[in-house]
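You will see chain A twice below: alongside chain B first, and alongside chain C after that.
After this line comes the complex of A and B, so read on.
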């Protein structure tokens, strides 16, 4: 089981779009995942055992975990590249 | 005829948690989703409504009496709890105007694109609730559904223009190329930052003050964790309310729970809207796919910037302080505090990350927001009642986001004037800021074109 944090400003709108896309992506690739959808300010206190962090906004801070920017799930631009990046961290 | 009316009335009386799942299920089926997915979307939105009802109940039943006791102890009047956007957005989605608002906002967008009035292609369907809120409030104030829809259209058109005006800031400061933020909260206050910047640039000494609080987050970052912040707020209010130790600690944990659970339940409403927002995105992208367009996205994207994070932390205490000094304020800021960054994010960009200037703009913004949301309590309460969220223990509702928006206030007052002085003051002040922003934007565009030409010449 892989653990992924999906975060955005308010943990409601953009992160739901990204989380749902990632869930579908992992299902299609048969990777069991647990998705934690939170606010960006909660990332720090939820890092235990996390395999990947995806945020819909740019973060400048390094949390010491693999990180992918998930903005492509909102804009649709370069979505395939982002998906490949995510899979490369989970395989 | 009577039977049809009876059926419609029966359907509406089912309440948002039952009616919306059925509506969303039908809409999703019409948009070509599979039966299972459509059903899941429908039920999901219902889950969101049941969930937010529980969380708001937890909040109001415990925090409201404490706030009343606190107010009585200190002779202040902050006894209405700010629900925040996690509270006001579900009420808006439950209003009769919300589902019509989505096609209206998209139609206004397409019309403006065709007429070349905007370059923003808005694919941020969730935040249409801000426009819908304005429409719903106008509908309640005037009793006219048509005026409500007109309100949605006007607010949407204004938001797209805001997206255009501040796209250079989004690109230059936040590094998001080709992205605009036609957002209901970040949108409206951004024009206030422009005159503040222009005025401060003319004052000697003050114009050179530039506070950068990179270390601020390191020292106080953990206090910005919503769970800890909620607990501290609960404990302080409990102490001020004169509760015993058990009561104080209980309130602390309850408020931490509210702050953490709120987005966890509201996100199910967003899940339910996904089929609609995905279809809208695909259609808009197919037709407006050129580099001359900006893609309109949620301003949540700005909240990761370190200066915005620092400003958000700073504005938790600042907002409470401002609430204490706004004349006649009855509202205790709470639901919006964990995401107070939505109110100031674009100002940080306009001020180039200067926190001193952001503090000034933000204070004006919060003062105005809190004053306006007090004016809106009556209409907001009707909106809550229509969504079925009024309980016996709580009879008044308010929110800073979106209840405190001058756009909503000005439009509502124009269509149904109840406070001429308020309309004149807010209207003139905000209008001046918008005019100022318009010319500032022209100048910025000219500067950017010149820069681009210079670069070409140098090559």
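After this line comes the complex of A and C, so read on.
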């Protein structure tokens, strides 16, 4: 089971859009995942066992975990590249 | 969610002019206040949220913004107001607040109830990812068409 943090700045709204896209992506690639949806400010205290961090807001801080910018799930721009990037960290 | 009131032609302005993002948000807010969707205090809440969590997004064919706030008792009925500007205004980027986005299409969201809100947001982003739909909203002169296009895709 892979553990992914999906976070956005404001509330849970945009991260829900990204999280649902990632869920579908992993399902299609038969990768079991646990998705933790939190605010950006809560990432630090939820890093235990996390395989990947995806955010809809750019983060400047390095949490020592693989990171992918998930804005493509909102804008649709470069969505395939983002999907490939995510899969590469989970395989 | 009750969809019947979600959009109507009174909430759509296709030839707006605004000097900046503040004016654009006020234009949208005024439409929603006049049609009984929100209390004016919701507009203030949006301005405040926009400073901390800006909503500008770059799409393939244009920049959009989704000004909204967390509804308290200031949203009377769920609605989405649409504003198309003749000249773009600058919003800060949701992805990176240090960046600016030139915005010509704005969608003001006044949505109560978190579960419905999220579902609606997913469908909205599905619209934004379809270039043909976004282009249609950029070009059409018919508020009715925008209304119908959105309602069809938000079902």
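Structure notes:
Assume the second predicted complex is superposed on the first by the 89 of 91 C-alpha atoms of A that agree within 3 Å, B and C clash if a C-alpha of one lies under 4 Å from a C-alpha of the other, contacts with A are read in each partner's own complex, and residues count from 1 in each chain.
Here is the rule we go by: a contact is a pair of C-beta atoms (placed from the backbone, for glycine too) under 8 Å apart; a residue touches a chain by one contact, two chains touch by 3 or more.
Here the structure is a predicted model, which is why all the values come from computation and not from measurement.
With the C-alpha superposition on chain A as described, chain C and chain B clash in the combined arrangement. In the superposition on chain A, A:37 contacts chain B only, with no contact to chain C. When both complexes are overlaid on chain A, the residue A:57 reaches chain B and chain C alike.
By the document's definition of touching, both partners, chain B and chain C, reach A:16. Contacts of A:76 after superposition: both chain B and chain C are touched. By the touch criterion stated above, A:45 is placed in contact with chain B alone, chain C being left untouched. More residues of chain A lie in touch with B than with the remaining chain of the pair chain B and chain C. With both structures placed on the common chain, the touch criterion links A:66 to neither chain B nor chain C. Residues 9-14, 16-17, 20, 56-58, 71, 74-77 of chain A lie at the contact with chain B in one complex and at the contact with chain C in the other. Every residue of chain B that touches chain A in the complex is listed here, in rising order: 85-86, 123-124, 126-127, 174-176, 179, 221-222, 224-227, 263-264, 266-267, 269-271, 274, 277, 281, 285, 295, 297-306, 309, 312, 338-339, 341-342.
Those residues of chain C that touch chain A in the shared complex are 49, 52-53, 57-60, 70, 94-97, 114, 117-118, 121-122, 125, 128-131.
Note for the complex: chain A touches chain B at residues 8-17, 20, 37-42, 44-45, 55-61, 71, 74-77.
Contact residues on chain A toward chain C in their complex (touch as defined above): 9-14, 16-17, 20, 56-58, 69, 71, 73-77, 79.
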